Every structure is written in C-alpha cells, then in structure tokens.
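Common to both upcoming complexes is subunit A, partnered first by subunit B, then by subunit C.
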Partner chain A sequence: MPLAWFLQNLVNGLSIGSVYAVFALGYTLVFSVLGILNFAHAAVFTLGAYLTYVLAVGEFGLNGLLAGATMPFKLPFALALLAGAVLSGLAGMAVEYLAFRPLRKRGADALLALVSSLGVALILVNLIQYLFGAEIYSFPPDVLGSLPPAILFHVGEGMVAMRTIQAVLFGVSLLLLIGLVWFIQFTKQGKALRAVAENPDTASLLGISVDTFTLGTFFLSGLLGGMSGTLIGVSFGLSGPYFGVAYGLKALAVIVLGGLGSIPGTVLGGLVIGLAEAFLPPELSSYKEAVAYALLFAVLLARPQGLLGKSAEEKV
Partner chain B sequence: MLELNAVTLAYGPVMAVREASLHVRQGEIVTLIGANGAGKTTILRAVSRLLDPKSGAIMFEGRDLRGVAPDRVVRLGLAHCPEGRQVLARQSVRDNLELGAYIRADRAGIRQDLEMAFDLFPRLRERASQLAGTLSGGEQQMLAIARALMCRPKLLLLDEPSLGLAPIIAQEIFNIITNLNQQGVTILLVEQNAHMAMRTAHRAYVLEAGQIVAEGDARKLADDERVRQAYLG
Partner chain C sequence: MEDLLARYGFLIVTILQQALLGLSLYFPLMTGQLSLASIGFYSLGGYVAAVMGTHPALAPLREALGFSMYPLEWLVALLASSILGVVLGYPALRLRGIYLALATIAFVQILGVLALNMPITGGAIGIFDIPQPFESRLAYAWFFGPLLALTLFFLWRLERSGTGRLFFSIRENELAAGAMGVNVTARKVQAFVIGCALAGVVGAMSAPLLNTWNTRQGTFDAAVACLAYVLIGGARSKWGALLGAALLVSLPELLRPLKDSRMILDGLVLVLVCVYMPRGIAGLFDRRRA
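Right, the complex of A and B next:
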C-alpha cells in the first residue's frame, strides 16, 4: 500500500469527516436536551450556505424572487461565514420557538414534534427556492482570497495534495469542536446546559431556565448547521434548495453510528464515515452515498447502541 | 413565611390534593407526613412551581407565587431538595454543588459555602471529583441537601430525605436538619418516617389521600391516638 495514497485518502477523509461531525453535532445537541430529532436541521444547513453565499459574493442568481439583485456590500469570506452561521443560529431558535415549544407546552407526543420539524424543513426549503431559485450556486474560486488552491507534499515516490479548502474545512471544524467541548465541559453555562439535558425539573429547581437553555441549544445547533452548510457549499457548490437533504441523511447515519446523544460518538461517527468514503475504491465510487448506511448497518449488527452510545441498561 | 391557602392540585383529570392549607413560620421546622401517594411530593412541586394549582393560592413572604417561572422561585430564597435525591449523576460532586449556587455570582462566597458544605458532609469532600452517580444512596442524599443549601435559602423544602437510608444514616440526616434550623434555615420536611420527623419538627401536618386531616404541635400530635395508630404504629 503506497504511503502517499494512504495519506491522500486520510487528508480527504478527515477534512470532509470533520464537517460531517460538526453538522451532525447539531442533531446531537437538540437530541440530548429534548430527546427528539430536529428534521429542520438540514434545512438550516442549506439556509446557512445560501446566506453566506449572498454575504460573501453579494449577488443572487438568475431565478427566484431575488433574481439579479445585488447586495450593497460584500463581506470577506471569514466574516460572511460567521454572519451566515449566526443567522442560521437565529433560524434554529425560530424553529424551536415555532415548531417545538408550542407542542411541548401542550405535552404533545414526541412524534408530533418530529413531524412538525419536518414541516418547518419543507417551508424553509420552499422559501429558499422561492427567493433564490432552484439553480446551482457555486462560490467563485477566489472566494478565499488569493491563497494557492493546494499545497503539495512529496511523500517517497508519490505526492499528497492538501487543497486549501480542505485545510479550511478541517481547521474551522476543529475550532468549532474544541470550542463546543470546552463550553459544555468546563463553563458554568455549559454545566447548566448538561443539567437541563439530564434532568429538566432538577435544573429548574436550581434556578436554571429550561426554556432559555433549550432556545440556546437550538441557537448552537443552527450555528453548527449553517457553518457546515457553508463549508460543504464552498467545497462542492450548492446544487439547489434541496442540497441539504442528502447531507442530512448522512448526518443521521453519523449520529446513530456514533451512538444517539453522545458528543464524542458523533465526532467519531463523522470521522469514520468521512474516512470510509475517502478510502472507497474508485471503481465503487458510484456507491459513495451508500457508504454511510452500509457502515451503519454493519456496526449496528455488532453494537446496537452505536460506537460510543450507552446500552439501554446503562442509561439512567 | 410560606402559606398555602385551599390549594387544589391535579395531574390532568386525576385529583391529587384537595384544598390543602398550611403555613410555615420563619425559624420553624414543619413536617408534612402521610402515607405513600398521599400527595406530599405534589404539594412541594406546586410550591416550587413545577406544577400549577387548579385553585387556591401559594404565598411566599407575602408574595403570590402564581405566574412565577420555576427557575425564578429559587431566586426568592426557596430551595427544594427533591424526592429520590435527584443528583446530576453525570457530573462531579463539586459541579453538582457549584450548580446549586447557579443563581449566585459572588465567587468568594460560593467558595466559602463549598468549604462549609464539605465541613458539614466530610464524605463529599473525599469524593469531590467523583461522578455523583457513583455515590452511595446516603452520600447522594447528603449531596442533594448540600446542593440545595448552596443557594443560601431562607426556606428549605426537603422531600423524604431519609428514604431508603440505613437508620444510622437517617439519624445523621435528621441531626443535620436540626443543626441547619438552629443556624436560621426554615424547613418544610416531607416524610413517611413519621417517628423521626415528629421528633425533629416543631409543628406537623398529616396528609391523607390528598387532604390535610390533622395539624398541630409535633409532640402533641405524636400523642394523638389516631395519628399514632395510622403513622407511628
């Protein structure tokens, strides 16, 4: 096995896998607090990509209500990424406020909340289509400024190329993961958030507002969704308002593979699926979209609770 | 200090407590005893606003608690140590205690109170960095009480602190309750262990199937024939 080939796939797999992890963590966070999958998350991912595009490029496409419109300003990519993510976080809060909270307050079944989030997802996607049109949006190649497109490393006889965008994907994802873990593990508000996730009644007896922290969780989740949507969009383009759907399905495989509700499990699941896709032999590349689920089924046969999930008996 | 006026509580269509009235004066230990399922926990949950009364009023220091958000109640000086030692199993003992002081911002004071909690329950100090879920039942109960004290409450609600504990540890808990009271904390103590509760408290209420059927001086009530038969065996 040539080392260069191995390293190349490692680079490819880790960079895309880290984005899968960030995206999937958005599902995990909400699941930890509410015990529900938020199906609107993939739509927020899509929204984030479109918002960043408009903020960074300053133009709309040829279809949709906003066809041909231009923005009065253009932001540098880093700033646009951040602003797009914050706006996605706000969209996430709106999802909680409109789709989840009213049902929760009425004590509705969790299944209803799930359907409700699916409804919000459809509305969001249709809104995106209405405003932006159904065409493909591609970030211009110079969106990252005048950086070289790739760095080449000589390894023995061969060569490993790390594309600049891959470095950006991995770097941004790593920063997000470290920031999130630091927040949840070591800050007072992060500990309060874990208290809400473990036992909402006890948390509120301690003076922790369950509603506020739930809203905050949706903000964080939306932020991660918007960020990862942009990162995927910069690498592969925005193939249309539905481009989040395929990634949403993949992220669902990630969280189940890693173990529902487990943050380390989600990160591991994202990396494993990213790497599996990268190491897929080229002659099988038309099955790339199936890799995540093939892997998922294989793992679940051996470990029904996922890689790092707790088995039913361990859960308190 | 705390006053319940004809409070009726229900879970959906299921009536749990009917027109209960009781009060706790500053400096007292008041106990609420009753059999399993009588509605004791339900009453405490209503005081902490985890449950909305169907009718009646709950007043704390002259203030009607209606409409107050549950996470606000503790800011008024009312701490609730819930039934079944609801420690946060996945966080350390120290983090549990620090979350008890969530509403406070005075770091120095919190550190001081943390030391006091460790002095009160030396076993918690030894296990400060252990996950709370790995403590024994008695230790978890101590942690739950210590955590409730971390907000410096004026009134402490205790829901069956002796439940499931060995008699010697239960006795230790009751001694600590008496000590806390002597230090100025007013206490509303819910218990099935009527013997110990009546000996610790100043006044008592007896709850039966959701209704208060007897009340008065704890010692006198303990001599009451009906109460003896039903609760003191």
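Right, the complex of A and C next:
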C-alpha cells in the first residue's frame, strides 16, 4: 500500500467526513433534547447553501421567481458563510415554532412530529425551488479569493494533492466542533442545555426555561446545518433544491453509526463514513452512495446502540 | 360520465394504487412500528414484473401462459418481498423506536444503488416496453380495485382475530405485551412482512400500468408520501390510507391553477393536519374520541 495513496484518501476522507459530522450534529442536538429526529434539517442545510450563494455571489439563476435579480451588495465568502449560517439558524427556529412546539404542547405522538417536520421540509425545499428555480448553481472558482486551488505535497515518490476547499472544509468543521463542545461543556448556558436534555421537568423546576433552550437548540442545529450545506455546496455545487436530501439521509446513517444522541459518537460516525467512502476501491465507486447505509446495517446487527452510544435503558 | 372517467381515470387508478401502498405501512403501524420500507418493496415488485414481462429468455413462458402471466408475476413478487421482508425485519425489529424507520430508509437507499448498478434492472435507464394487458388506464382498476377490497376485508377480519389483538397490544404497550407472554419481535416481523408482501404485489401490478420501470420509482420522497397517506388519513384506522391517498393524490390536481407554488401548499397541509387533526381524517369520524 503506497503511502501517498493512503495519505490522499485520508485527506479526502477526513475533509468530507468532518462536514458529515458537523451536519449530523444538528440532528444529534435536537435528538438529545427532544428525542425526535428533525427531518427538516436537510432542508435547512439546502437553504444555508442557497443563502450563502446569494450573499457571496449576489446573483440569482434564470428560471425561479427571482430570475435575473441581483443583490445590491456582495459579501466576502467568510462573511457570507457566517450570515448564511445565522439565517439558517433562524430557519431552524422557525421549524421548531411550526412543526414541533404545537405538537409538543399537546403531548402528541412522536410520529406526528416526524411527519410535520417532513411537511416543513417540503415547504422549505419547494420555496427554494419557487424562488431560485430548479437549476444547478455552482460557486465561482474565485470564491475563496486568491488562494491556490490545491497544494501539492511530495511523499516519497508519489504526490498528495490537498484542494484548498478541503482544507477549508476540515478547518471550519474543526472550529465548529471545538466551539460547540466548549459551549456545551464549559458555559452556563451549555450546562442548562445539558440539564434540559437530561430531564426537561427537573430542569424547569430548577428555573431553566425549557422552551427557550429548545429554541436555542434548534438555532444551533440550523446553524450547523446551514454551515455544512454551504461547505458541501462550495465543494460539489448546488445541484438543485433537492440536493440536501441525499446528504440528510447519509447524516442519519452517521448518527445511528455513532449512537443516537451522542456527540462524540456523531463525530466518530461522520469520520468513519467519510473515510470508508474515500477508501472504497475505485472499481466499486458506483456503490459509493451505499457505503453509509451498509455500515448502518452492520451496526444495527452487531451493536444496535451505535459505536459510542449507551444501550437504551428500559423504563417501566 | 365517459368523458369524466377518461379524464380522471389515471387519477382514480393512482388513488387506489397509492392507498394500497399506504395500507402496506398500516400493517407495521398496527404493532406501533414506523416503517418507510414499502417503497423499496414496491420498487422490487415492479422490477420482478418488468423483468418477467420483458426478458427474452422467458418469452416461451409468456406465450404459453397468456394473461395468466400477470398473476404469476404477482406471486413471484409476493414471495420475493416476503423473503426479503423477513431478512430485513428480524434485525431491525429487535430494536425499538426510530431504528426501524432508519433501517428501512437505509434499505430503500441500498436497493436504489443496487438497481442503478445491476445489468438485469437496466441501470439508470431502467426497463422499457413492459407488456400492458389493458389499453385504457382506468381498466387497471381491475387490478388494484379487487386487491384493495381484499386487503380491507383481510384487515377487517384481522382486527377481530387473536393475531390482530396481539398486534394492537404491542402498539398500546410493548413492555406489557411482552410481560403477558406475547412474542413481541415475531409479531412485529409478521405485521411487517404482510406489509412488505402487499407493497411487492402493488409494484408488480404497477409496472404494466406505467409501462416503464426505473430507479425513480423508489425514492425517499415517494416513501414519505406513503407514510403521509396513512398519518393524514388516520394511523389508527384501516380507512386512513384510502382517505389520505384520495386527498393527497387529488390535491395537486385541485391546486393545479397555483402551478409551481402548489407543492408549498402540499407541505402546509401536511403540517396543519398534524397540528390540528392529530388523529387524521378518519379520526374526525371516530366517536370514541379520546
């Protein structure tokens, strides 16, 4: 096994895997607080990518309602990425308001919350299609400014190419992960959030507003979703308003692989799936999309609680 | 009347077909299990019928059997779906809660990738020129109508049988049912496999209707649509799937004047029904309201 080949796949796998992890953490956060999967998360991911595109490039496509419109300003990419993510966070809060809160207040079946979040996803995705059209958007190659497209490393006799965008993917994801862990572990708000996730009733008795923190969780989740949507969008292009669905399903595989509700598990799951896809032999590359789901099945069979999950306690 | 039937024939047949797919999810829901697998088995059944209807090696069999070839296709689809249903159901149904939904989503995705890559399924292009027994689309009601009636009759009997009551006992309280000696996993698999088999047969019936079969028949969106029929119609009633399919299939037709924005309204309807009609349309008729 040549070292260069190994390192190249490692670079590819880690950069995409870290984005999977960030995206999937959005599911994990909501799941650990509400015990529900937010199926609108993939739509927020898509929305984030489109918003950043508009803010950074300033133009719309040719066949949506806003065809031919131009924004009066263009933001530098880093700023657009942040603004897009914050707007996605607000969209995440809207999802909580529309799809989850009314059902939770009534103590409705968890299945219904799943369907209403799918309904919100349908609204968001079709709103994007209505406004932006169904065409492919791709970020211009100079979106990262004057940085070179790739850096080459000589390893022994071979070469390892690290695309600049891969470095951005990995760097931004790493910063987000560190920030998130710091927030949850070392701030007062993070402690309150953990209390709400542990037991909402006890938390509210201790004077923590469960509704506020749930809303905050959805904001964080949307922020992570929108940010990862942009990162994937810059790397592979925005192939239409439905491009988030495939990634959303893959992220579900990530969270099951790592263990539902576990933050370290989600990170590990994302990296494992990213690396597994990268190290897939080229002759099997047409099966790449199935790798994540095959791993999910293997985990369900061998270790249902996921790699780092705790096995579910039975409450009687 | 003739005009009306000719115009809405496809709509009527689609409602029957989609209602059957919704019912295939009602079976696992009887035990409280959320599955999204139906569309995978629908796709599988369709491929069975498409291959049996077009493969050159089977031409003599088709000549000899004539119209009876179609029931044979249904049977093969039923067997294939049942076997695969057991293989998928056992590992997934040992687990609780959301795992079955996730495992079935993964199953649908894997099936889609396989269909894209295997020569027998025609890859991305799919299979063309599947023989059609009827000329008008409305005539396919002769396929779907009796199957729907049969399924509803079966459900009516099942709900009153011991097996049906065991299913419901698991839905109401899995732990209590297990404590009473119900073999929870076996019953869940049983309900799941009945649903899989039904979806497979519906797929085998749909391949001639659509004339062509490809991987677009088994997408995540279609899986969600099936689930929406049951939940919008009412997840606790066998009529729910039919009511939900009738509403959701005709909604895009009714909203046609709105053109591109109609899917936005579709989503809005989904959310509003969940929030304001948690027991679905069938729940409105239920006198034993909680």
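The rule we apply is simple: the second predicted complex is superposed on the first by the 312 of 316 C-alpha atoms of A that agree within 3 Å, B and C clash if a C-alpha of one lies under 4 Å from a C-alpha of the other, contacts with A are read in each partner's own complex, and residues count from 1 in each chain.
One rule holds for everything that comes next: a contact is a pair of C-beta atoms (placed from the backbone, for glycine too) under 8 Å apart; a residue touches a chain by one contact, two chains touch by 3 or more.
Nothing here was measured: the structure is a model prediction, and the numbers come from that model.
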Q. Just from the overlay, do subunit B and subunit C fit on subunit A, or is there a clash?
A. fit
Q: Tell me which partner A:167 touches in the superposition: subunit B (first), subunit C (second), both or neither.
A: neither
Q: Of the two partners subunit B and subunit C, indicate the one touching more residues belonging to subunit A.
A: C
Q.
I'd like to know which partner A:195 touches here: subunit B for first, subunit C for second, both or neither.
A. first
Q. Taking the superposition as given, does A:127 touch the first partner, subunit B, the second, subunit C, both, or neither?
A. second
Q) Is A:66 contacted by the first partner subunit B, the second partner subunit C, both or neither? A) neither
Q. Who does A:4 touch here: subunit B (first), subunit C (second), both, or neither?
A. neither
Q: Have a look at where A:155 lands relative to subunit B and subunit C in the superposition and call it first, second, both or neither.
A: neither
Q: Scan A:253 for contacts with subunit B and subunit C and give back first, second, both or neither.
A: second
Q.
How many degrees, to the nearest 10, separate the directions from subunit A's C-alpha centre towards those of subunit B and subunit C?
A. 90
Q. Closest Cα approach between subunit B and subunit C after superposing, in Å?
A. 10
(Q) Identify the residues of subunit A that lie in both the subunit B contact region and the subunit C contact region. (A) 316
Q) Along subunit B, where are the residues that touch subunit A in the complex? A) 48, 50, 69-72, 74-75, 79-80, 82, 86, 88-91, 95, 98-100, 102-103, 133, 147, 151
Q) In the complex of these two chains, what residues of subunit A are touching subunit C? A) 37, 98-99, 102-103, 106, 108-109, 111-116, 118-124, 126-127, 129-130, 245, 249, 252-253, 256, 260, 286-287, 289-290, 292-294, 296-297, 300-301, 304, 312, 314, 316
Q. For subunit A, which residues are in contact with subunit B within the complex?
A. 188, 191-192, 194-195, 198-199, 201-210, 316
Q) For subunit C, which residues are in contact with subunit A within the complex? A) 34, 91-92, 94-96, 98-99, 101-103, 105-107, 109-110, 113-114, 116-117, 175, 220-221, 224, 227-228, 231, 235, 260-261, 263-264, 266-271, 274-275, 278
